[in-house]
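Scrolling down, you'll hit the structures one after another.
In the two complexes below, subunit A is the common chain; its partner is subunit B in one and subunit C in the other.
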Partner chain A sequence: MAAGVLFPKPHDQVLLALAGFGAAGILAGSFLNRAPNRLANGVATALWHAPPLEAGAAMAGLAALAALAFHPKDKPRSAMTFGAAMLILWGCLSGAGRLASLFALSDPSAARYSLGAAFWILMATALLALLDAAQRANLGLLARAGLIAALGAGFALTANSGAFADLSLAKEFASHRDIFFIELRRHIVLVASAVFFALAISAPLTALVLRRPSARGLVFSGLGILQTIPSIALFGLLMAPLTALSQQFPLLRAWGINGAGAAPAIIALTLYSLLPLTRGFFTGVSEVAADVKDAAAGMGFSARQTFLLVELPLAWPALVSGLRVVTIQAIGLAAVAALIGAGGLGAFVFQGIGQYALDLVLVGAIPIILQALAASFGFQMLLAARRGS
Partner chain B sequence: MIELRGVSKAFGAAPAVVDLSLSIGRGAFFVLIGPSGCGKSTVLRMINAMIACDRGAIELRGEDIRAMDPVRLRRGIGYVIQSVGLFPHWTIEKNIGAVPRLLGWSRETLAARVEEIAALLQIDRELLRRYPHQLSGGQQQRAGVARALAADPDIVLMDEPFAALDPVSRASLQDEMRRLHAETGKTFVFVTHDMDEALRLATHIAVMKDGRLVQTAAPRDLLNRPEDEFVREFFGREAMGLRLLDFVAVRDRMRGRPRAPETIGADASLRDALALMIERRCSRLSVTDGGGGKISEIDIADIIKGQDAT
Partner chain C sequence: MRPDAAAALSAAGRFARRPGLWLFLLLVAAIFLMPSAGILFHALFPDDRHLIYSRATFLELTLAHCQLVALSSLAAAAAGIGLGVFATRESGREFAPVVRAMAAIGQTFPPVAVLALAIPALGYGAPPALAALALYAALPVLEGSITGLDGVPASARDAARGIGFSPFELLWRIELPLAAPFILAGLRTAVIINIGTATIASSAGALSLGSPILEGLSAANPAYVVEGGIIAALLAICVDRGFDWLSELLKQK
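This part shows the complex of A and B:
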C-alpha cells in the first residue's frame, strides 16, 4: 500500500517511455549543428541554447508527457497529451529556426545550420505521443485526417513566414524548389503507373490461378524469382533490351521509351509488385468461405454475380491491403530508379550522398517517408469507407 | 415433379450415389434419411445441377436438367445448404431478398415479401437489420430457410435445415413447415438424420445407405413393413411400435360409453393417450369431441391389441 503511494503506477507506460526517450535525446546534445560552410563538420549546440521561450516549451512539453503518464483517465489524458506534443513540436521547429537565425546574424553567409539528433528525437517523441493519444482516444479516421491536415497547414504557414529560412535543410529545399516539385511529380507518376500496370496484370493473373490450380506453381514461382533479383540489377538488366528495342523502333523512341529513364523504372517497379499483389488477391478471393460461394451458386447466382456480389466484397480487405503493401514498396523502390535516370525524389538522395550534403538527402528522403505514410493512411480510409457503407 | 432414373455419382474412385431411382410427385414432402455420408446431400446437389451425375438422368417438371440453363434452373428451386451459408456482408433482410433481387422483383414487392416470410419463420423484425454473425445458430438456420423460400419456388430442397435448433423451436418450425407445405402445395425434398423429424413431416420417406436406396414408403408403411434389418435398426427397433402409435388417432379406436374421469381429445394420437394413461396411472380415458363433450371411451387394451387394418 505504502509503496503504491510513494511510487504511483503509471497508467500509460508508452508516454513514460517516450518522455524518457526525449529527455535522453536532449541530454545527448546536438540540437542544431553549426558549420562554417557546406562541407565542414559542424559544432553541436544543445537545446538549452535555443531561445528560452521555445526551449522552455519543448522541455515543459516533455515534462508534461511524463506527468500525464500517471493520469488515470484515458480521454482527458489523450487531450492533454495532444497539447503537450504540440508544445514539443512547436518548441523544436521554432526553436531550431530562431536559433539558426540568431547564429546567422554573426556568421558568414556560407555558414550552415543542420538539424541534429536531439531535434529528430524530440520530433519523433512528439509524433509518437500524438499517435498514442489518437489511438487511446479511439479517434476515427476522419478525425485523424483532420488532425493531420491541421498539423500540415500549421507547418506550411510557419514555413511560409520564413521562420526556418536560415536552416540548411530549408536552404537546400529553397535552392532546389523548382526541381523539387518536378521530381515529386515524377516520383508519384512512377509509383502510380507501376501500381496501375501491376493491377492490370495481376487481375487476369489472379483469375488464371484461381481457375487453373495447375498454373499456380508456375505463376508463383516465376514471380518469386523476379522478386529475388536485387533492384539495381533488375534496373540494369532492363536497360540493355530496352535500348535495343528503342533503336529498332523509332516509334518507341518518339514515345520517350529507351534504355534509361522512366520506362525501365516503371517496368521494374511493376515486376516487383506482381508477386505481392497476385498473391494477396489470390489468398483474398480463395479464402472467401466455401459454404458462402456454395450457397450463392446453389441459389442461382451466375459465376459473374458470385464474383461481383460475393467474392469481391468479401475479399475487399485483402485486396486493399495487397495494394497498400505494393504501393508502399514501390514508393521506396522508386527512389532507386533515380540511378538509371528516371528521376524522382531519389535524385536528391543520390545527389546529396554524392556531395556529402546530408540536408539534400533529407530533401528527398523526408517526402518519400511522408508519401509512404500518406499512402498507408489513404488505403486505411478506403477500407473504412467500404466497411461503413 | 422430380424424377431420378438410375443416377450414379462417384467422387474419384469412391461411389457416393449408386444407381438411384426416385420419383417425387408434385406436392410431396419427400424426406431423404440415412446415416452420415450415405449420399443425401449429393442427391440434392444433383437435383439442382450443382453436381452433374455420371450416369442416369434427372428430370424436373418433365424436362431433362441437362437441357436447362443451370442458373435459371437454380433460381426456380429453393435451396437450404447444410452449413446455412448466409452472406456475411449482407444484412439478414438483404440475404432473404437475394433470389428475388436476382429475378428483378420491384422494391415494394420484395420488401413486403421479406416481411411476410420473416413472420412465417418467426424471425424478429429487429433481426432483419443485423448481420449473420450477430445471430445465434438457430436464428441463422431460420434465415437460411427464409432465403430459400423468398422467391416462392415450387420446389424446395432443404439439407438438414433444423440441425442447430433446440427441440422446442425445432418442433414449432416443423409445424410451420408442415402447415406451409399443406397450404402451398410446394414440393419439398428434405434431408435429415432425425427419424422423428422424418416421421412427423414426410409424406414419403426414402431411406438411403451407402449411396443406395433401401426403401421408399409413406411413414406409416415404413414402420409397419420395414424392408430389412437396416431400416428396422435405423428406426429404432424397440421404439418402432411406439412411433406407430403416432399415426393412429384416438377416434379410430374409441368405443363404448364414457365412464372414466380423465379425458382426451378424439383427434389426439394413441401415443398421447398412452402417455396420459401412464402419467395419470389409469387404464381408461373418456374421449371428448371438439366442443368438450364426452363422446366415448378408450381402454389401454384398445391401444395395444388393435393392429392396423392395412
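This part shows the complex of A and C:
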C-alpha cells in the first residue's frame, strides 16, 4: 500500500506513456533546424528557444497530459485531454512559425528553417492523445468529422495569416504553388480514372465468377499474382509494349497513349485494383443468404429485380470496403507513377529526393498521406450513413 | 514397375506439378542468364548501345534486395508480434484500442510516403530504407497478431490453466500456435509490400532490384527497366507462393 501512496496508480496509462514519449522527444530532438541555405545541414534548436508563450503552452500541455493520467473520471479526463492536446498543437505550430520569423530577422534571406524531430514527435503525441480521447469518449464518426474540420479550419486560418511563412516547408510550397495544384489534380485524375476503369472491369468479372465457379480459381489466382508484382516493375514492364503499340498505331499516339506518362500508370493502377474490388463484390453478393433470394423469387421478383433490389443493397458494405481499399492503394501507387512521367504529387517526392531538398519531399508526401486518410474516412462515413438509414 | 520406384515417380510428378517450383527455377534462370540475353534485348530495343545493366550483377542486386526485405521483415515481425502480445495481456489491455487504431490508421499511409518521410529523418542509403520498411511492415503483423490472439477461445485458455500451464507456457504453447495463421497472413502482406517498397528505395540510394529500373527510367534505356522489372516481379511471385506453401503446412499440422 505504501508504494501506492508514494506513486499513485494511473487511471489512463496511455496518456502517461504519451507524455513520456513527448518529453523524451523534446529532450532528445531538435525542434527547428536553422541552415544557412537550402542544401546545407542545419543547426539544431531546442523547443525552449521558441517564444516563451508557445514553448510554455506546449510544455504545459504535455505536463497536463501526464497529470490527467491520474484523473479518476473518464468523461472529464477525455474533455481535458482534448484541451491539453490542442495546447500542444498550437504551441508547436505557432512556436515553430514565430521562431523561424525571429531567426529570419537577422539571417540572410537564403537561410532555411526546417521542422525537426522534436516538432514531429510532439505533433504525433498530441494527435495520438486526441485519438485516445476520441476512442474513450466513444465519439461517433460525425463528431470526429466535425473535430477534424475544426482542426483543419484552425490550421488553414493560421497558415493564411502568414504565421508559417518563414518555415522552409512553407517557402518550398510557395515556390511550387502553381505546379502544386496542377500535380494535385493530376494525382486525383490518375486515381479516379483507375478506380473507374477497375469498377467497369470488375463488375462483369464478378458476374463471370459468380456464374462459372470453375473460373473462380483462375481469375483470383491470376489477379493475386498481379497484385504481388512491385509497382515500379509493373509500370516499367508495361512501358515497353505500350511504346511498341503506339509506334505501330498512329491513332493511339494521337490519343496521347504512349510508353511513358499517364497511360501505363492508369493501366497498372487499374490492374492492381481488380483483385480487391472483384473479391469485395464476390464475397458481398455470394454471402447474400439463399433464403433471402428465395423469398425475393417467391414475391415474384425477376432475376434482375432480385439483383438490383435485394442482392446489391445487401452486398453494399462489402462493395464499399472494396472500394475503400482500392482507393487508398491507388493514392499511394499513383505517387510511384511520377517515376514514369505520369506526374502527380509523387513528382515532388522524387524531385525532392533527387535534389536533396527534403522539404520538397514533404510538399509531396504530406498531401498524399492526407488524401489517403481522407479517402479512408470518407468511405467509413459512407458505410456508416448507409447503416444508419 | 517396382512399387517403390512407382512411388518415387509419382512423388517426382507431384513435385514437378508445383507451379511455385517452376517459378523459382525461372527466377534463378533469370538472375544468372540475364547477362547473356543481349541478343534478345538488341532485337527488342535496336537503337540502344549498352543493353545489359552492369553496375552490379543481378545476383548482387537480388541478394541486396532480399537482405533489405528479410532484415526489415524480421524486425517488423518481432515488433509487431511483441506489441500484439503486450496489447492482449492483462497489463496492456488498456493500450489495445489505441494500438489497434494506430495499426489501422498507419496502414492507410502509403508505403512510398513512409519511405519518403524516413529520408528527411534518417538520411540517404540503406539504413533509412530499412527503418521505413520495418516500421511500415510492423503494422499488418501487429494487426494479425491482435486479431489472432483475441480470437483464441476462452475455453482453450481455461483448459490450459486447468492443467497448470504458466502464463508463458499458455502463450507459447496454446495462444501463439492458435494465432499463427493470422500472424502469418499479416507477415505475408508485410513482406510483399516490402518487396515492392524496397524496389523504390533505390531512389534514396539503397542498392536493390529497383536500381536498374530507376537508372533505365532516368536514362531512357528500356532494357534496364525490363531486366530489373522481370526479376523483381518473379521474386515477389515466388515469395508469395512460398507463403502459400507455409500456410498450407501450418494447416496440415
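Please note the rule applied: the second predicted complex is superposed on the first by the 372 of 389 C-alpha atoms of A that agree within 3 Å, B and C clash if a C-alpha of one lies under 4 Å from a C-alpha of the other, contacts with A are read in each partner's own complex, and residues count from 1 in each chain.
Following the convention adopted for this analysis, a contact is a pair of C-beta atoms (placed from the backbone, for glycine too) under 8 Å apart; a residue touches a chain by one contact, two chains touch by 3 or more.
This one's a predicted model, so the numbers in the text were calculated from it and none came from an experiment.
When the shared chain is aligned, subunit C comes close enough to touch A:225, but subunit B does not. In the superposition on chain A, contact of A:135 is made with subunit C only, not with subunit B.
Applying the stated contact rule after C-alpha superposition, one finds that A:14 touches subunit C and leaves subunit B untouched. Set side by side, subunit B and subunit C differ in how many residues of subunit A they touch, and the one touching more is C.
Shared-chain residue A:292: touches subunit B; no touch with subunit C.
Of the two partner chains placed by the overlay, neither subunit B nor subunit C lies in contact with A:206. Of the two partner chains placed by the overlay, only subunit C lies in contact with A:369; subunit B stays clear of it. Touch criterion not met for A:193: it reaches neither subunit B nor subunit C. In the superposition on chain A, A:314 contacts subunit B only, with no contact to subunit C.
Shared interface residues of subunit A (contacting subunit B in one complex, subunit C in the other): none.
Interface of subunit C with subunit A (complex): residues 44-45, 94-95, 97-98, 101-102, 105, 108-113, 116-117, 119-121, 124, 192, 195-196, 199-200, 203-204, 209-210, 213-214, 216-217, 222, 225-226, 228-230, 232-233, 236-237, 239-240. Residues of subunit A touching subunit B in their complex: 289, 291-292, 294-302, 305, 310, 313-314.
Interface of subunit A with subunit C (complex): residues 12-14, 17, 114, 117, 120, 128, 131-132, 135-136, 224-225, 227-234, 236-237, 239-240, 243, 259, 328, 331-333, 335-336, 339-340, 346, 349-350, 352-354, 356, 358-359, 361-362, 364-365, 368-369, 372-373, 375-376.
Listed in rising order, the residues of subunit B touching subunit A in the complex are 45, 48, 50, 71-77, 79, 81, 83-89, 98-99, 102, 147-148.
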